[in-house]
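Naming follows writing order (A, B, C and D), and every chain is counted from residue 1.
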Amino acid sequence: MKKLLILVFLTLPMIAFAQTKPYLSIADAERITAAAEAKAKAEGWNVVIAILDDGGHLISLKRMDGVQIGSIDVAQAKAKSAVYFKRSTKIFEDVMKGEGGSRIATLPNAVGVEGGLPIFKDGIIVGSIGISGVTSAQDGIIAEAGVKGY
Amino acid sequence: MKKLLILVFLTLPMIAFAQTKPYLSIADAERITAAAEAKAKAEGWNVVIAILDDGGHLISLKRMDGVQIGSIDVAQAKAKSAVYFKRSTKIFEDVMKGEGGSRIATLPNAVGVEGGLPIFKDGIIVGSIGISGVTSAQDGIIAEAGVKGY
Amino acid sequence: MKKLLILVFLTLPMIAFAQTKPYLSIADAERITAAAEAKAKAEGWNVVIAILDDGGHLISLKRMDGVQIGSIDVAQAKAKSAVYFKRSTKIFEDVMKGEGGSRIATLPNAVGVEGGLPIFKDGIIVGSIGISGVTSAQDGIIAEAGVKGY
Amino acid sequence: MKKLLILVFLTLPMIAFAQTKPYLSIADAERITAAAEAKAKAEGWNVVIAILDDGGHLISLKRMDGVQIGSIDVAQAKAKSAVYFKRSTKIFEDVMKGEGGSRIATLPNAVGVEGGLPIFKDGIIVGSIGISGVTSAQDGIIAEAGVKGY
């Protein structure tokens, strides 16, 4: 019996962890969105908040009142860049501000404006958040607040 | 009395001619979404719920867990068709089921599958709802439940 | 000790299975491709074989010699439709052959020609295969041979 | 002897001027891919390897496990730039790092990030390789290893 249990102990995790990956649920997305929105409201900023899954597909989007409509696509593009390249759009922004940085503009789906952050679980990418509506630095602050809410 | 009349004179035109149109707020969108989601959950259906403004731009989108990713674009396309043509996508579906109905497929932004409904206020279009995830008839039922929540 | 093991037994799977999903590795994709290619060669058919992940992104693509270049996009489009809608493109083909079937053409990313199949693991979608190069029925036969190789 | 010479005279031009061009077969593409992958594995780098024909169309694509999904489009874009302009994307990168280099971003299909190389046979372009997944310099090293495998 003891041996059997040990066998189960040794075998189960192997089966369980074999080739699976974590993912964001709609509940996760709403918690992240709420955290981002709380920060936005506290600062008096109105933004679009987009949450994508690990394939770059929308789980949720929320546009606060009065936000420019251009921000709907911008928020999604930032989030897409973040999950496609597993890095903050701020990193691309910094490269683009340097010498020859315009080359980033020739990479499909890369966005060089702060406000998009990848979301990881146990080191595995599960999705991203994209914010647009205020300045890019402010968008970035809200995105960070969102990720912290995960 | 004279003063009052002058006040009326100054105030009335502002009220009467003020060229405004009603619009959906994010609070409205969330109330509509909640009504649609309540119906979906009651039926055990998982769907994407998209709410657009009168310009056809996303106010909010919510994807319930487990919904096929194709429904993200489909829900938005249905909602876009509904607000672009001020009519239910069911109307286009019925035309497409008739003789020569494929001509509808040549109209930019027209979708011929039930699940997209325009949203009106006092006879003025303010936006639309698009649902995708179950059968088109079921999508239509959820869309109606959403509009009723407005 | 026994109690501890039982606790481990009860707890581990809960942790292990908590919000994770299976996925296709490149090794899986190559095994599926090899099975599809073996069938294609046995029949003397030349095709494009595309394998996508659960987000609709290419894991691998192989174009056999002499295949029309149009099939490169077609194979990917079929595979995309299969994973986006969690169903064979043959199902859309059958609907499109029926009355009013052209309405399917108004759904973003839907392809109504046989040759695209979703790939599931334990009931969860992990990706898809798309074949193009011969007749749609023959494309479908190769796609099935591929899925069986998974 | 005279007859033989006449025969040679008649035959040779046909062979010599027969209007053909060399092209990459799927066997070539797989050999190039294997060489690139061997280098990538030796370095512990995970990348996407795309091989295009002389028309800029995919012959094969392979995404190693764990590579960011953005690299799927980037690898193809680099390879497309390389075959469309018959030059390494490194050449465009160097121009883009110079004064006014952003003008390259206005050229359709030009990519200014290392990792795309044209493939020639007897001075004739037959296709290209595109690599994405690690740094652009590392992508370039893998691309070169691939071309050497041709």
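Simple rule for what comes next: a residue touches a chain if its C-beta (ideal position, glycine included) is under 8 Å from a C-beta of that chain, and two chains touch if they have at least 3 such contacts.
Small disclaimer: the values here were computed from a predicted structure and weren't measured.
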Chain located farthest away, centre of subunit C as origin (C-alpha): B
Copies subunit B and subunit C - rotation angle from C-alpha fit, nearest 5 degrees: 95
Interface composition of copies subunit C and subunit D: same or different, split at half: same
More contacts between chains, A-C or A-B: A-C
Whole-Å separation of chain centres (CA-atom averages), subunit B against subunit C: 33
Centre distance in Å when subunit A and subunit C are each reduced to the mean of their C-alpha atoms: 27
Multi-partner residues of subunit A (each touching 2 or more other chains): 25, 53, 55-57
Chain-to-chain touches, reported pairwise for every pair that qualifies: A-B, A-C, A-D, B-C, C-D
Residue ranges of subunit B touching subunit A (in the complex, touch as defined): 25-26, 53, 55, 57-65, 69, 72
Touching residues on subunit D, where the partner in the complex is subunit A: 68-70, 73-74, 77, 81, 92-93, 96-98, 101-102, 104-105, 110-113
Footprint of subunit C on subunit A - complex, ascending: 1-2, 5-6, 8-9, 12-13, 16-17, 19-23, 25, 53-57
Subunit A residues within the subunit D interface of the complex: 55-56, 81, 83-86, 99-100, 102-110, 125
